[in-house]
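Right after this note come the structures.
Shared between the two complexes below is chain A, which pairs with chain B and chain C, respectively.
For the complex of A and B:
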């Protein structure tokens, strides 16, 4: 597991290691509107919430942080447990290289300083799902420290109202994942699953309120929050709760709480884990973790055995904020569109694939991707990978439109056809449904008919009300079932009216 | 044949003078005859027979696996052995049958060794007498030797009440006795503060503590992870070298083993010590050092000098802080390592169901003896947030100073250090238990435990008999990963001393004692 801690205006991430998790730790101020408003209502100084997060993230690795047993989602209980995972006497931890690489990569992505030497510690407490009686973590000298994550989010309804914020990352640490306890109240027993690969993301939030400029208030820790939505609700609730207590002259207790999503409230946890002395001690079975860069890499060393930070840096994928900037610059799309492309898994790749396959302006393509394609996928509850419309089909459609083979309303019809599936290409659909644009000869007749049937409009145009021309073009379009090139229709009509 | 060295036995097996089943049977019957020594906790009779039978098949086909093929060995009962109960001599692990072999055990078996059984120890290795075991104390076979009986017949009543048998030393007392009494050729011990060398010295056998990181600890149920090393007990230095060649080397399952490949070696018969520089640490003139040991020590220094070696007095100034520093580090790691014994997954579980916590606490109270519980308590105290810096961190710093003492001495040109192994010969059990475990450990480990702090290799070699007719050993401490040099010096010394091992199986005059003891044992 990785544990990341963030603070100040910061995000703290940290990793855990047995089932390979990353954990980040950080602290941030959440200027909670509820709290501030409340403070104004009571006429006192405004309260400001201070929030620190401990984010526990599972590392996407084939085996656990300290053992060779597999990490498998939804594996049967205790089916992927090594002798080490079960803490059999005499077993020793061995570090999984993949997990270290993931931690370093996370550190780089979060602009952390990577510690070339980091250490492992034991954190002791007795709990049924912690079979060794201690957890191996990185308390003293973690793998990465002092990071920064900048992000933008909309403050109003309009996309243009974006605010840039940054979260400071205190540290990223590799940490062993504990097991899972399942309490069976009816049978009065607790079942333990030592697979320890259950949660991909878990957050502990430390929350306090104070008056800006004054020392921090007493904090509470809300543990085991498993979604971003609940995290926001838990923090809002806790700030409001603490503010109410303080406004009523009470004292906030330093305690561990849990978020009950049904109640939408935080409640005190029974166990006194938070107040324990964990009796930290260096883990004697793991030597210091030494990382290298290309400069410090010793000669005559098996490159497969060591970790080169520079190589990981090269492997680092384009980070989201860079991607967004690049998309705006390269394709001339709007910033808000770049957010949609990056946030939807696979959508950016889809968009770029379409762009590559057509000469059409990306600015025109973005509408098809975000409005039409995404709309269709949402309606059908599909992921981008499951889309029945391939990037090449969409590219072909856009090209037909670009080359004036079809009108934009015909293009919409073709798109609807594509949504229905089947292996027909847009070109074939156009041909079968006769959706192609009419040539001047075919349009002549339709235009003549419209002119003949609309004396009033013709008269108005001849008097100089040229706006009415659009109505006639619309009628031609309608009569041709959307197969009209409006410019061509206009030319023909003008000729017929001798303008 | 039971008095042979491993080498001689291996040669006899190869030329057909001996066959593995025969050898196994001889050892087994001697184990049974000497049951009263309490060296073995568990005799793996059936498994060993199967292994011996397979070894015999290989010899018949002319394809023995290695030098250990068909050789009876014993393993201290704190090494994990697949399908063989592993107890650490504790109520806590009574009945625990591990599903895997410790790396060192596996390496022995891969060479065709015949595992006769698991040997007795102080509970979880915490002790220096092999007296604190739930299976009862280990008795030193020299207590029943002709020499001891003759020399003490005047002052004590020996034959009749058997009250003055002497301790085997510890904590690997069972392994030392197994080798010394002839029930196996080689035994594994573990060495955290002297647990291999101390009983080896008291039982008149050779005991090696290799460099930390040279031999895998995977499967060794830990006492102090940062100091534990599997130890080798054998009848002569050559045998130790052979077994070290089998055991040493990187283990992917132990991250603290070094990556460099280990070069196996055999020791020449003619060893030249003329270019050798031997250091005599002045701090090792400890209070309580027996005059016999002191004189043996200085005679050996003279012997080396006469043979052309350079003998110099050196200083390891931080030695005197070692024992107290060891106490802090040891108990802290013990507190941590013992945390897993909670009764949930394996071993003893108390019959208490009020709550998980109540079950934990009853299990640990019932499962551990006073010594273990006392160390857990101290260790947790040293690790408390408010004490960590004052005790644990300080002890770590002192440990570094102790290790640096060795580095400096070796850098100055000294090749090996010569010291006593113990203060004197083995104490009679009745005397030994007059003091508590902690006091005894501090006394017994005084010369051995610095090498664990520094991680350097050390070997004890039998050097002679005390006036009471009990073995005395001397210790050589070497430079990290320079086992070949250390063992060479040890072998040279061994040849000079020409120590006469205990041919226990030959002591016909002891038969009646053995018989009587066996009867008593069967009554118990």
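For the complex of A and C:
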């Protein structure tokens, strides 16, 4: 979940083993076993990457974690800074209730054990954007520990090739963010903005390689990765780099590295050389944070001063994996479709709204929502909310199709018309454009004409080649400009050919 | 004004201080004795450690005397290890039994960049100006240290 934010960060750590999805792992030792002694000594065991992620996520709160100044994206420099944020002497931290609740909720969502007593610590380092010289965090006893996140991801090109994996969550902690530094190399100076609100997700990855079953190898830390794609590339690169070093008899250095997305490589970070010693110490200005549940809730206490874990549990929204399961079960859609519905913000709600407004089978609606609607939105670079096609319009269109008022090709034409905007309902479009299906009387004439003009095909059908019938139906469809019910056309043609 | 002066005078008089001490819960004399310094207690401050500490704290011990002061401070602090703390929970703060005050998520401060920026020596377009980011300190020859690598 997601530097430089509101001064309120939920942070979680999850060590996981990446192996199967990384082709380098195997390839690394194979090339090396012919080339170097080290690889032969260690046998033909493949190297396996071990990855731990430190994920910094900004909490969506009005004010900062430890001060009452505003959290605002792209605010003018230093405009949302309180005396505490500027580390003026004599100022003290006051913990934000919303941030505690967000951390607890995150912990619950990730199946963590919530610590009813957690502590705050000071982590010291010198940097111009950290005027106090320390950051308040939770190192010894964080707010939540020992979580588990189960996820599925595709292994092949096909959506249906999915594997289920688990990632363990070591801890979730509340952490104050530093300010933002802008480096001016030309003037040899650093500009400091203490607002702390960037609103982004930032990940540090700890990576090492080892032979399965053996102790973990020396790890490196790749800092400040800001996208999932770069994270994957940084991890893949680092596993390959370390594997190559080890295969060549080298030693992996315990160091901090940065990912250079232009090079597609990790490089040592110059400005944080040597061993980091953060000199952790208990934060003397904040007593332990005590959380309650409905059983332990003290009486006669100001409601603003207590956090009830049970109440937060009740407020927890339906979690994505539950939503996906429910969608598959309730609507009979494919699991891969449930991923698309959940991953696209607002698409699930859109789909469910359409389902409620029509009697058509949800399995038929899903295609319209995922293929047609999402395709159109992607092409026009629009969000679900910006869609010109309302759920009710799509529901009406699907109903027209379901009731055989229009053919599926006519439905596509109506959809294209809806994409152009305007207030016309599908029914009105069908009426104006005369897209409604032809009745048997109208179809009769067209079928007769097709039969008359295609002697060869008619002869072939009469000889028993019934596949040719589809060609005739296609011709009828074309002649009627897509307003033919294929089943009806087939019945009429069969009658005419006296089959 | 005169009240303040009188109080100050009282404070200075030994008798008053003694009166306060006798009321205090802090024992008049130490209840345990510091072991005399022994050779074994002597922690070894290596040039590498000095270098590391100077980098961490961004301080300069400057000369042999400064390093000796550090050495004796370390030795003094090391005596704490003689206190028997078996089975005693560490005390983070004397306030640790107090409830942590929880603030509602409301914006009540900020918007004072002018006041804050006034305190800075150098400002550019409402940014504080700092020297360029962490530049590794040059590996200096600590000429005030005796032969490199040897303990002091």
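FYI, the second predicted complex is superposed on the first by the 449 of 499 C-alpha atoms of A that agree within 3 Å, B and C clash if a C-alpha of one lies under 4 Å from a C-alpha of the other, contacts with A are read in each partner's own complex, and residues count from 1 in each chain.
Simple rule for what comes next: contacts are C-beta pairs under 8 Å (C-beta built on N, C-alpha and C of every residue); 3 or more make two chains touch, one makes a residue touch a chain.
For clarity, every value in this text was computed on a predicted model and none was experimentally measured.
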Problem set entry | chain B versus chain C as contact partner of A:317, first or second or both or neither | neither
Exercise. Regarding the shared-chain residue A:277, is it in contact with chain B (first), chain C (second), both, or neither?
Worked result: both
Exercise. Given the touch rule stated above, what does A:307 touch, chain B (first), chain C (second), both, or neither?
Worked result: second
Exercise. Is A:89 in contact with chain B, with chain C, with both, or with neither (first, second, both, neither)?
Worked result: first
For this session: Return first, second, both or neither, reflecting whether A:182 touches chain B, chain C, both chains, or no partner chain.
Result: second
For this session: Of the two partners chain B and chain C, indicate the one touching more residues belonging to chain A.
Result: C
For this session: In the overlay, answer first, second, both or neither for which of chain B and chain C A:288 touches.
Result: second
Problem set entry | Touched partner set for A:97, first chain B, second chain C, both or neither | second
For this session: For A:132, select first, second, both or neither according to whether it touches chain B, chain C, the two together, or no partner.
Result: first
Exercise. Given the touch rule stated above, what does A:190 touch, chain B (first), chain C (second), both, or neither?
Worked result: both
Exercise. Chain A residues touched by both chain B and chain C?
Worked result: 83, 86, 94-95, 126, 128, 190, 192, 277, 279, 284, 286-287, 305
Problem set entry | Complex contacts: residues of chain A adjacent to chain C | 61-63, 67-70, 76-84, 86, 94-100, 119, 126-129, 181-183, 185, 188-194, 270-275, 277, 279, 282, 284, 286-290, 304-307
Exercise. Chain A touches which residues of chain C in the complex?
Worked result: 52, 55-56, 58, 92-93, 95-113, 116-117, 124-136
Problem set entry | Interfacial residue positions of chain B with respect to chain A in the complex | 79-80, 86, 88, 93, 96, 98-100, 102, 217-222, 224-226, 252-256, 259, 332-333, 335-336, 338-342, 344-346, 356-357, 360, 380, 383-385, 388, 392
Exercise. Quick one: in the complex, what on chain A touches chain B?
Worked result: 83, 86-95, 122, 124, 126, 128, 131-134, 190, 192, 277, 279-281, 284-287, 305
